[in-house]
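Each of the next two complexes has subunit A plus one more chain, namely subunit B in the first and subunit C in the second.
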Partner chain A sequence: MEIRVNPTRMELNRLKKRLTMAQRGHKLLKDKRDELIRQFMILVRKNKDLREHIEKELTDAFAKFLLARAVMPVENLEEALMYPTKVLRLDIHRQNIMSVYTPRFDWVEEQSGGAEESSIYPYGFVDTSAELDTSIETLSKILPQLMELAEVEKSVQLMAEEIEKTRRRVNALEHVLIPRLEETVKYITMKLDESERGALTRLMKIKDVVRAKM
Partner chain B sequence: MSTYKIAVIGDKDSILGFKTIGVDTFPVTSTQAALDTMKKLVSDQYGVIFITEALAQGMEDVINEMHKRYLPAVVLIPNSRGTQGIGIEQIRSNVEKAIGADILFRKEG
Partner chain C sequence: MLIDDTIYGYAVARVKALETHLLEQGQFERMINASTGEEALKVLSESGYAAALAELDDIHNFETVLADELRYVFNLVMKISPLPELIGMLALRYDIHNLKVLFKARFLGITSDLLIPVGSVELAKLENAVTEDDFLLLPEKLRRAANQIIEDFMVNRDPQIVDLILDRVLYDQLIEEARERQAPFLEGLFVRQIDLTNLKTLIRVKQMGLSRDFLSRVLLPKGTLAVEKLAAMIEEPLESLISMLDISDYADLVGEGVREWSEKGSASLLEKLSDNYITAYLREGKWVPFGVEPLVGYLWAKEIEIKNIRIVLVGKINQLPAESIRERIRDVYV
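Up next is the complex of A and B:
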């Protein structure tokens, strides 16, 4: 389908300009899409490995925790965990991956209650079981990876969005706008040629008529 | 730049341990309660929200909506009964969305 226009030389120039612009945009977007996909694949592989690792570790930690819960009175357990020794605070910076803004998480541990450097266990060892210790140790060990997973996964989600958008634009340009413009340019050129030929034949005819009268 | 907090939503058995490492815990038992907690957390300076897969199951649309936003990052974690594979499934669907085919897990789809 072509765009409805007046077949004039002005219109033709305008359309040609639009066409070159569209082609340039198409090329740029295609490059953007390719680079986005390349970076996306790197991230997504990392995401998959991290997630598999973390799911294993977490399940492990939870299982130990469940054991601790089973061998300890509930009151003791809750009491032991009532006051955590630290509070996590998150600083978020924006980072730019191919004009996709993704958050970068930097976390800091703050000791709560102004205590000096304390252990990861918020309780004494008298009333608690060893399973609880190992469970909490595993948890605090995978915390950095958990934060990394959060960051990578968010980036992957945002990039997937952006890639989908870019791909749509590339396709719209490639399969709709550019063919349409090309067809319209062709239509106008043919129309102009046709009227030129028409004018020429008319002139020749007039010349014949004039000559016959002389 | 401002400071954000980290939260975890899940059943009590799974998430109580998180409290010791300084993450705010929100024990809930039903999907509805999880949904309400989530809504509260989103408007309250939480940068990362961990939620167990079991609870996430009933609220996919809310979580998908979060995935499109810059913040917060909603991350699925397994619960004490192990993983249900929803987290991995999400990665797969991301790949499919971006590339159009699932090339990461070598399955024809």
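Up next is the complex of A and C:
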């Protein structure tokens, strides 16, 4: 379906300009989409690895935690963990991947106490189960990976959105705008040609009439 | 001071009667074999817990039942005991727990609901002392510990220190009181608990990769195993710990428990054997006709029973395999 326009030469020029613009845009967007997808695939693969790894570790840590929970009264357990030794400070920066702003996390773990030994265990040894130690240790070890996963996963989400948007634009250009413009250009050219031919025949006709009269 | 033992007549008789209501190994076995947490609870409600369980609307709140039971048993034994001070000593660990909670809550600027209303000092008094920074009402040792905590925390802001100081003062106080009140049976109990805790601490600190210096600070003094000797063990392989204790009372438990720990990385066996060891010690006093021993034994039995119930229920609710529940169940006292 063509666009309703006045079939004038000016309109034709305008449309032709739009068409080249659309074609250039289409090419650029297509490149952007391909690159986005490439980046996306890298991230997704990383995400998958990280996630599988973390899920395994977490299941393990939770299982151990459960056992620690089973042998300690709930009050003891919560008392043991109520005041953490570490404080996590998180800074979030923006990072530009193909004009998608993805988050980048910078974090510092700070010891809340100035104690010389950086112990991650905020509790004493009486009345706490050794099974708690191992689960705390695992949890504390996977925290950096967990942060990384959060970063990657959010990036993947944002990229996916962007890819979808870009793809929709590419499709719109490819299947709607460009064909329409082409059709309209064709329509106007035909119309102009037609009227040119009309004018020509009219001129010839007039010429005949004038010549006959002479 | 020689105490006339016969004053224990009533208390011992009463406890003997109560002992018959303790859960037996068979009942735990049935709970373990139950298909779900609810089923396990049903087995439990055939016992003395029936009344409390009837009011339980959500299985996940079973802890309240256990806490109530513990409080009830403590108050009961305290009431029937002719010398409640001795039983009060056993409640001291709850005072210490409450102090830990109060201190941490104060340092965090929150209020906490983790207090356990069992204990020899009234809760309100403790709460007041910690919030007002006025420890005059506390027993002397606790007072000193409290001041030490405040001082240390202001400098280091290390929450572990709260636990470490209070744990140490707990056993200091217990041993001293036991000696003062001439209760060799209780002293024996505390000394054994110190030793077992120290052994566990040694291995835990070793696995955490912390220094010998740190270890010698956290080991509890006044046990039968010398602190320096234990601290030295941190640099040795676990095998030499086993051989060091080869001729001590702890040979069996350390041999089995530590080996399992170093091979499978699981402390559960050692912890279970430690509890069993204490149970076995207290069982020796079970048939004393007049004395504090059966009372202490009963209280411990109740604590173990509650621990076992917790293990089974937590395990059942979370669908742990029966085997890993079973291997954590402690021996029962009866």
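A few comments on the model shown:
As a working rule, the second predicted complex is superposed on the first by the 208 of 214 C-alpha atoms of A that agree within 3 Å, B and C clash if a C-alpha of one lies under 4 Å from a C-alpha of the other, contacts with A are read in each partner's own complex, and residues count from 1 in each chain.
In the analysis below, contacts are C-beta pairs under 8 Å (C-beta built on N, C-alpha and C of every residue); 3 or more make two chains touch, one makes a residue touch a chain.
Note that the structure is a prediction, hence the values are computed from the model and not measured.
When the two structures are aligned on the shared chain, A:150 is found in touch with subunit B, with no touch to subunit C. Set side by side, subunit B and subunit C differ in how many residues of subunit A they touch, and the one touching more is B. By the touch criterion defined above, A:121 reaches both subunit B and subunit C.
In the superposed model, A:69 makes contact with both subunit B and subunit C.
By the touch criterion stated above, A:13 is placed in contact with neither subunit B nor subunit C. In the superposition on chain A, contact is made by A:84 with both subunit B and subunit C. Looking at the shared chain after the overlay, A:130 reaches subunit C, while subunit B stays out of its contact range.
Once the two complexes are overlaid on the shared chain, A:201 sits clear of subunit B and of subunit C alike.
By the touch criterion defined above, A:101 lies against subunit B but remains apart from subunit C after alignment on the C-alpha atoms of chain A.
Overlap of the subunit B and subunit C interfaces on subunit A comprises residues 66, 69, 78, 84-85, 112, 121-122. Taken together, the subunit B residues at the contact with subunit A in this complex read 1-6, 13-14, 16-23, 47-48, 50, 67-68, 70-71, 73, 75, 77-80, 82-83, 87-88, 91, 94-95, 97-100, 104. Those residues of subunit A that touch subunit B in the complex are listed here as 37, 40-41, 44-45, 47-48, 51-52, 54-55, 58-59, 61-63, 65-66, 69, 77-78, 81, 84-93, 101-103, 105, 107, 109-110, 112, 120-122, 135-136, 139-140, 143, 146-147, 149-151, 153-154, 156-161, 163-164, 167. On the side of subunit A, the complex with subunit C involves touching residues 66-67, 69-71, 73-76, 78-80, 82-85, 112-115, 117, 119, 121-127, 129-131, 133-134, 137. Interface of subunit C with subunit A (complex): residues 63, 66-67, 93, 97, 100-101, 104-105, 107-108, 112, 114-116, 155-164, 166-167, 170-171, 197, 200-201, 203-205, 207-208, 210-211, 214, 218, 220, 261, 265-268, 270-271, 306-307, 310-311, 314-315, 318, 320, 324, 328.
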